[in-house]
């Protein structure tokens, strides 16, 4: 079994609490308040900056040249491609690059990104990959599910159709599949059985922090939303 | 002027929002709900584990042998002294070592500790010291103020008298003064003027994360308390 | 004055001992024994692997997005361009990719690369840049000097003409100039005067380790060469 | 089988080349030139500074509180005990603390120490332990062997009797045994079979760098000694 499938299974409700979070459900049916999406967009920009650092750390920690190239692909995907796509998406929502650069990092953003970076620095490349996995794999799962279960997502007037299309699209799905394969190759060497409970705990904690990230977006829509917290 | 005084001044309301937080006020007059203090105690234990790692990182990053000894004093203070004091304090509140080790880290704990660790790893020893300063110096300030402004704090029946006494006491006050002196000596070499705004931003962000830590404790006392959030 | 010029001046004979090393002189006039060049080529390949890690570390440590892009340019230059150029150059000397991957790292290679990586991790981005500078800037200086002072270098039958041409060429000269500019921009914020002696010591030590790297190549040509050691 | 025994066996002649190095043999029979021992003493002081950083890194990287305490014992042993013993030993050889602090790090010292630090930062705690093991375990093995096989070592007039006695003594032998036990406990969780060849390569490289360290000492006694190089 793929390491990712195993981690996901072990995380159980902590995984579903993230990928089926209220924010995600509302994103799918288009009912997500704009304020929530806007806060999410701003924080996701700041998140990407830290994620680029995390992939750079993966490169630094790579034990082989092949791993280094895998990690470099990730850094380039973020800094050369995703960042611009994201800035473009933000522009469509009235958020300029200057707005993004001036924004203050929310605590949920700080918590997740620094947790990943520290887990990676404290442990080895596999620890870093496992801490990154909920983000990379979760977005692929969410994108695919929303695109198929919410056919409206493909309509031109779905407010979040572009976001869903991006993560459901072949390009991103391939990125996620490549990441899972890379993690499996590293795990084949480093994932000793007695170590699995620690990897599972790491994955679960990262999933909880991802759920917090959605929640932080939702709370921009007003205090009422905050009671939805799982 | 001491670097700490300058950072505190620049942080303005973000500093007072931390050292004069509702949690602190209630701790001083004894009105803090026990549930809030208990959650705080558990999370502070998990916090200390990460803080010991941060001081170890300071030792790793120390440019001189003198700095290394300063950092080692910090590691020893946490792992050889504070940890046991804390476990003793917790026992008085019905929390066993097993309870502490089984506890899950709250997100506010994750956010602050990993922010400090990453700031230190990303930057130099001075960055790490500045990120640590709100905790070390803030507790000294809080302890001293509560002990003097709330004379009841010294009464045997004040529920949080032991906590206040510990941070108001000479031993801790000297630890904080020694830390400020060490930070000033490092700053004399590394704190270039154009760098100050970045150090101030780091200090402010760490202060906000400390305030979140109090808030997280307060929220254990029920949802009503959460409206007090600054 | 550019920081690089200042560091070079402070390094004095330790700098010239590196850029005017016997290995370099013989490379210029074509008298370098093939065995020396071949060992150099193999070790420089292993060196590049670690240098890619060092640039990835620079990205991780970058305090701004602009710095991150500068660092990414470096990683890409090494992993996407230089590595292949180098493998091509090696092939011309009868060294296959398999030969390179099977080679054992010489102690001079270990010493310089790990010194740079550790200096960067221990300090901040500027420390890392200063430790990288002797390599990046020194090769530009050597390439330019050999190309101009040894006109034979451009002849088709000069055994090391391709190597000289690569480092004397516009592409590499621009890489070096861009690096110096980047280091100056970072230094404008982080290079406090009292810190300069430490930066100078770092640069000098890295220059000595670069000279050792040449020496290690030279020694492949037999024990007689080892007496040339400066 | 203990991980250390396995690593030692896999290193074969690279291990014996270190623990039975000419420097060690001459140390045992008292024939080691004083100049060689003096250079060794100076460099070992600089080595200890970096080794304290490596143990601090082990603390930072420790996945459990128990590991953290093991690592802290190491830091304290170096900074609070060994350093002073070493300075005392040096004083007996006419080397003052000022001499030690003013000494320039030899390249063999740089190579070994930075290799260990980087291996630890790149990988996990087990990688760091394996890179540290040749030093910690090798000195115990050398001390014990010299004390038993060279009975003269215990004579008051043996020039290196104090050094031998220190590493053959119960205190150091217990430190080494404790380290081996700690490494085994970490290996029980992290030493996956497919990972062993990488751990063996790391141990072997560190052993070679330790042999270089002896060689560097020996070369202080003049060029003739350098031909002994294995």
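Here are a few things to note about the model shown:
Think of it as A, B, C and D in the order they're written, each chain with its own count starting at 1.
Note that a contact is a pair of C-beta atoms (placed from the backbone, for glycine too) under 8 Å apart; a residue touches a chain by one contact, two chains touch by 3 or more.
None of the values given here were measured: they were computed from a predicted structure.
Common neighbours of chain B and chain C under the contact rule above are A, D.
A rotation of 180 degrees, rounded to the nearest 5, superposes the Cα atoms of chain B on chain D.
Per-chain Cα centroids separate chain A from chain C by 38 Å. Work out the mean CA point of chain A and of chain B, and you get 31 Å between them.
The geometric centre of chain A is 44 Å away from that of chain D, both derived from CA atoms.
In chain B, the residues touching two or more other chains are 53, 60, 121-122.
For chain B in complex with chain D, the residues that touch the partner chain are 49, 52-53, 56-57, 59-60, 62, 65, 68-69, 71-72, 75-76, 79-80, 101. Residue ranges on chain D touching chain C, taken from their complex, read 53, 105, 107-108, 110-111, 114-115, 117-118, 121-122, 205, 208-209, 212.
Interface residues of chain D, counted against chain A in their complex, comprise 60-61, 63, 121-124, 127, 188-192, 194-195, 198.
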